[in-house]
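Down below are the structures I want you to see.
In what comes next, chain A is part of two complexes: it sits with chain B in the first one and with chain C in the second one.
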Partner chain A sequence: MLAYTLRRLSFIPIVFFALTLMIFAMQMMLTPTQRMLTYVPGPDALKGGAAQVAALIEKYGLNDPAHVQYGRWIGNILQGNLGWSETARMPVAEALVSLFPATLELVIFAFVPGILGAIWLGSRAGVHLNKPIDHGIRLFTVLGWSFPVFVFGLLVLMVFYGSFGWFPPGRLSQWALVEVGGDGFRRWTGLNTADAVLNGNLPIFLDALRHLVLPVVTLSYVNLASMTRVMRTSMLESLRQDYVRTARAKGLSERVVQSRHAQRNALLPVVTVAGMEVAAMLGGVVITETIFDYHGIGQFAANAAANLDFPAVLGFALYFALVLVILNLIVDLLYPLLDPRVRLA
Partner chain B sequence: MRIVAYLLRNPLSLLGILVLIGFVAVAALAPVIAPPEPYQTSPYEIPRSGFRATPQPPSARALLGTTEGQFDIFYGLVWGTRTAFKIGLGVVLISTLIGGVVGAVSAFYGGMVDEVLMRVVDVFLAVPFLIAAMVLTTLLGKGIGPMTIALTAFGWMNYARVIRSEILRVKELDYVKAARSYGTRDIRLLLRHILPNAFFPVLVLATMMTGSMVLTASALSFLGVGVEPGYADWGQLISYSRNWIVGRGDSPFRYWYTLAFPGAAIFLFVLSWSLLGDALRDILDPRLRT
Partner chain C sequence: MKSWIGPSLGIALLALSGAAQAELKNPGTLVYLWTDDIRTLDPAYMADTANTYVSINTYMRLLNYKGSEISEFVPALSTEVPSLENGLIKSGADGSVTYIFPIRKGVYTHKVGVKGADGAIAWKLYDDLTDAEKAAIAPGYGELTAEDVQYSLMRAVLQGDSFMANAVTEMITAGKYPDIEAWAKDLAGVKTFDEVNEAGLAKVHDALAQKIKVDGDKLVLVLDAPFPATLGIMALPFATSVIDREWARDQGDWDGGAATWKPFHKPEMGADKLFQVENGSGPFMVEDWDRSQKKVTMKRFNGYWQGPAQLERVVLRSVPEWTTRLLQLEAGDADVVQTPVEFLEEVGSKPGIKVVEGLPKVFGRSLFYMWPVSAVDNPAIGSGKLDGKGIPPDFFSDIDVRQGFNYAQDYQLLLDDVHLGKTVQLRGPTVRGIMGYRPDSPVYTYDPEKAAEHFKKAWGGQLWENGFEMTAYMTQGRTEAHAALSVLQQNLARINPKFKLKIQELQSATFADKIYGGGDPSAPMAYMGWGPDYSDPGGPLGAATYYLASTGLVAGMSGKGYQELMRDKFDPLLKQAWTMVDQAEREKIYAKLQEMSYDYATTQFLWEDYGFIVTRDWIDGYVHNMIVYGAWDFYPITKKEKQ
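Presenting the complex of A and B:
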């Protein structure tokens, strides 16, 4: 177990190195002037026009050989300097840090029901292979896969906000924003719902939930569809194994056989996929947050991309690389808990 | 032939094929269905009837209404079909070629070459597709070309994996050994004897991916990093509908046509490809046959 963990931990720097190399390669497609923007700490540094730009390019060595530039760039990043974002009007790193809790909150709320739902639906479909229930679930997964998430989001916004007025866009209502910004409300985590609970403020909690409903539904449905698909296939395979037949032969009830023997073993591929799904979900926030005007990292990135704010886009990519590495590690460490074979190997 | 018969007998894949034929017809007949105006510099430019901000409902002049800025939705949908085919098939074709070369080299030479190439594949696979494509398109600039490059750059890996594993499987079969014992050269062995047998799994993957590439491309256009403004593209039309989702108080669905028609086009296009791909996969995978 220890050896396994250590081996996995040793991969982290390698993966992170590969990802930064990829981002750096993309960055090198820009002109030195554009790249310079990812180094400058703020707009004041650019005062002085063309001469200053040339001086900055010289200062940051943007015409040096690529490997020299890579080293300098990494050093710069490790000090937390990702450049200045023109669209957010603040340093990129600061924007990412301040917007992270909002996106985290959204992803947590979307992921938990998503994976539980997928496990449940997938096992139902697998158990009732080729029965109406299975056909219904399969139809849902195909439709979910094909329905563009941005059309779905706009559609629910049209119906549940435009027509019924139930779930407004944004993160909080105007009155709640005032209250949260005031002195009486302490920010512990930056997650609205968690902070509301910690402050014992029920109205804010309900308001935050009301704003989360539509983005959460939009963000989770595509992932629900694809994870259900994986769970179904895996359940089918698992139901065909010898130990399932043995369990039935022992006279165990069908319910126990399905939940204890088949489903548990079917979970493994889902966990593998789940890590990728969280990553995909973090990608999905770009669209979801844009539609629902939810102030998180996704909206920040989409806005930056549409306005060609290169430092912000590249900073976002880097932040993403970091999250990916952490996610992979979590999945790797979950594996031996679920599968003893990995532990012993 | 058996495959075609199966595809036509299965109601879902038949539906997919029929819808797809419809799209092909629309794309092929685009100049007849929605003839470009003489003043247009390119047929992919959606003609505008004025510059008013408010979308106009369907009428005799604009069959499916207009978006904000008076872009004709019908025209955009018809020519957008060509855009969708161009992007979908273009990306899948180039990805298959790149993935094919990488997979073949990896499987054929094995050892260190294989190890390095597969780790590169792993890194590319770890990156969420939409994000990677968005970042690269932002850096490359707008248009179909940059979008195709970006989608290909992060879409070739699965082909490499499939082709590699197929070659590894086929390589050990008797007829390949026989061909090798005749002294067939490597390249000929690969092209004539091995790759044709790896064709089917790649076809399944390519079919499934065509729709999803178009989906991602339209998401890029929706986010405003895809095609140039006014270019006939389904995602673009939807991005024009964004400000008109919530109608006025008395009629909330007032501008429904700005979202419904382009949304339906993307949905049907992607759905038909994935129905077809699903059916092909079921044929391939005997485990799922009951």
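Presenting the complex of A and C:
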């Protein structure tokens, strides 16, 4: 297991290097002026017109050979300098760091019920193939797939907030924002729920949960639907395997056969898909964040793209690449725990 | 039986939809949801309406507008409103005019410098001070003085970034210099500002200090010539906001020295030392500016000289999605929301929501033509040539292009369908209520044949032959702007399928950077609105000057070609009108200028803004002043449950 882990870890710098090369290649497709924005402290640096632009291009060596520029660029990145974001009115790195906890919190709460629900529903559907429960679950997942997120989001918002006033948009109520911003509340993680627990503040914790309900339901439903379908297919495949037949022949109870033999082996594709789902969510869930007034990475990235904020878009691409690399590693490390054959291979 | 529980619950939820009753939430806190965003906290740097909401509430000026009045004032940091009667306005033998502002004593900034036992001065919140600490406030460190006012005005003028600051320069030099750079170049006898050496910098500083002077506890303004709107400018919540000199210096800003101001001239926004800090003396102080969340929280300043405001906090938050804003208003989580005019009737019919309509406004909305625009990597002009894939940088220099665009817009459709017939077409720079406005002056109407006629003549026929592709900019979330641009886009494509207009929405702060961030404009066409800062159409901030002077605000961001057109055709008349005494004759000239804006198709004038606010019914006290564009002064606002 250690050798396997080390082997996987050793891939990370290589993969990240390859990803930075790709992002840099994309960046090189931009004009020197556009690339310059990833170096200057703000858009006002261009106030001097064409002469100023030419001077800055010279200053930042944007006409140098590509490998020289790459070295300079990667050096900047390693120092945390990703340029100035016009949309966030702050350095890109600072914007990403300040928005990440909001998105992470949403992802954690949406992912856990999503994956657990998908495993359970997918397994039930697989075990009860072509029975009413299977039909019901399939209908549920088809709806989840086909229901546009903005329609579902607005619907739940109108019913559960507009009509009942139960679950408001945003991250915290106004009173809670004041309390969180006060001296008596220490920010440890940026995750409202976690910070509330660490500060021993139950009202803030409950308020944060209240605000998470609707975006989490919206997000979970969509992800649950896709992962349930994968789990169902995988479970069906697993139930047809010889080892399941052997287990049954040994006289094991159907419950043990399904949970310990079929379900565990069926999890591998789900873990792969789940890893990608989490990565996608950490990359931002633009529509969900917009509808629920939830300022996270998704809204930031979408705004940056719409506003042609090149440094922010490139910074986001780097961030997303990093997320992908880390989640791939986690998924890779989970495989051998679920299937020892992976370790041996 | 169990299988029916879920569906039954869903149906019940929908049936009960709308049954929830909002109660007053967050007592003492006003939550204002809009689509805007602020650019900076430095009052000298700002010049747009969104920022006014912060500056008007956090900083003090010498004077304030009196309620809704646009030409009456009340004392603020100045204890009196200067007038000839009280002897605080004096005429000099050389034609100059002197304004004297006696400075109020005992007005403190939100943070003051308290001297510790070790002699070190620490900036602390005035509201948190003990009596002993109040007694230890270091002289000059927080109690505003005439020196602070002089520093603030000079800093704004020398920073020279916003057109509001430049208007002060123009005011005190009687229009001789449009900005500090022109003044410095002239005094130093050089051609470019970069050539101005240290001695030149000191010279212009000293010249400015002769016009903005301190006389004991009075601030004295010396104008080269009479300027009727002086008091109006001094009451505007931008460059004339007063900051504490010592505090600004401690933030690393200009130290007040004669030859040290150049590094602080036109700073990059992020490098501006006061970009994200505030220390005014207004009724509220910035508690938090969360740029990533696009949220500003202002907290009540209990040490405000007129006593604390009734609201404890004000939250300005950007929520681009209209449905979300509306639901928050209905639920009582928001108290005021920016509302698209097309939803006004629907919103007004909801219980607990108050719509106040018909508020006077002197604000026109237009599509601005700019030329030449930046040719350096400018995505808005595509290929940069008239080859069907772009436009040349000076595309709008051809009057036939401008006239073609103006005939391609369906103004009546926009007035009827977007504005629900609540407002009127904008007839030129001057709106109803301003001198020079005539209800029968010519306006463009939708006429595709005439548009085609002009397009065929434009650019020697090349335009019609090759077509064009260009991008127009607008601020995010403005549905009426999108409607205007969409209608134009479709009409242009109908007139000639080779005409491709793209629409780019930008968040307001980014939009501001693109349009008036300095240098050459990058947008060939943009949707914007401008209003005069006083009721006279002339002078640096008057409606006619705004649009039609070569040194006006619009010219400042519309490119050199636009400026040249204004210089050649409009400046002489503007100058003549401004110096005339006979009001009837002046009116004729301003009416003529209005007509000329039609003849030269300077701008696509769309509509006059319709004034309204949408609030919860527990919000009272709003005072609408059209000169500050309806920006909210939160000091008199109350939030109380209706009995």
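By definition in this document, the second predicted complex is superposed on the first by the 333 of 345 C-alpha atoms of A that agree within 3 Å, B and C clash if a C-alpha of one lies under 4 Å from a C-alpha of the other, contacts with A are read in each partner's own complex, and residues count from 1 in each chain.
The working rule: a residue touches a chain if its C-beta (ideal position, glycine included) is under 8 Å from a C-beta of that chain, and two chains touch if they have at least 3 such contacts.
Treat the numbers as computed from the prediction; the structure is a model and nothing was measured.
After superposition onto chain A, the modelled positions of chain B and chain C overlap sterically. In the superposition on chain A, A:Ala95 contacts chain C only, with no contact to chain B.
Legend: residue contacts after superposition of the two complexes on their common chain; A:Gln174 is shown touching chain C, with no touch to chain B. When the shared chain is aligned, chain B and chain C each come close enough to touch A:Thr290. Contact with neither chain B nor chain C is seen for A:Leu191 once the two complexes are overlaid on the shared chain. Within the superposed three-chain model, A:Met158 lies in touch with chain B and with chain C [touch as defined at top]. Contacts of A:Glu86 after superposition: chain C is touched, whereas chain B is not reached. Using the contact criterion defined above for the overlaid structures, shared-chain residue A:Leu308 touches chain B and also reaches chain C. Once chain A of one complex is fitted onto chain A of the other, the partner contacts of A:Ile115 are absent, as it touches neither chain B nor chain C. In the three-chain superposition model, chain A touches both chain B and chain C at residues 154, 157-158, 161-163, 290-291, 306, 308.
Residues 15, 18-19, 22-23, 26-27, 29-30, 129-130, 142-143, 145-151, 154-155, 157-158, 161-163, 233, 236-237, 276, 279-280, 282-284, 286-287, 290-291, 301-302, 305-306, 308, 310, 313-314, 316-317, 320-321, 324, 328 of chain A are the ones that touch chain B when the two sit in their complex. Chain A makes touch with chain C in their complex at residues 31-34, 40-50, 52-53, 84, 86-90, 95, 98-99, 154, 157-165, 168-170, 173-175, 177-178, 181, 290-293, 295, 300, 303, 306-309. Residues of chain C touching chain A in their complex: 13-14, 16-20, 22, 25-26, 29, 31, 37, 39, 266-271, 287-288, 291-294, 297, 313, 315, 319-321, 323-324, 327-328, 330-331, 333, 374-377, 379, 476, 504-507, 509-510, 513, 517-520. Every residue of chain B that touches chain A in the complex is listed here, in rising order: 119-120, 123-124, 126-132, 134-140, 211-212, 215, 218-219, 222-225, 235, 238, 241-242, 245-247, 252-253, 256, 259, 263, 266-267, 270-271, 274-275, 278, 287-288, 290.
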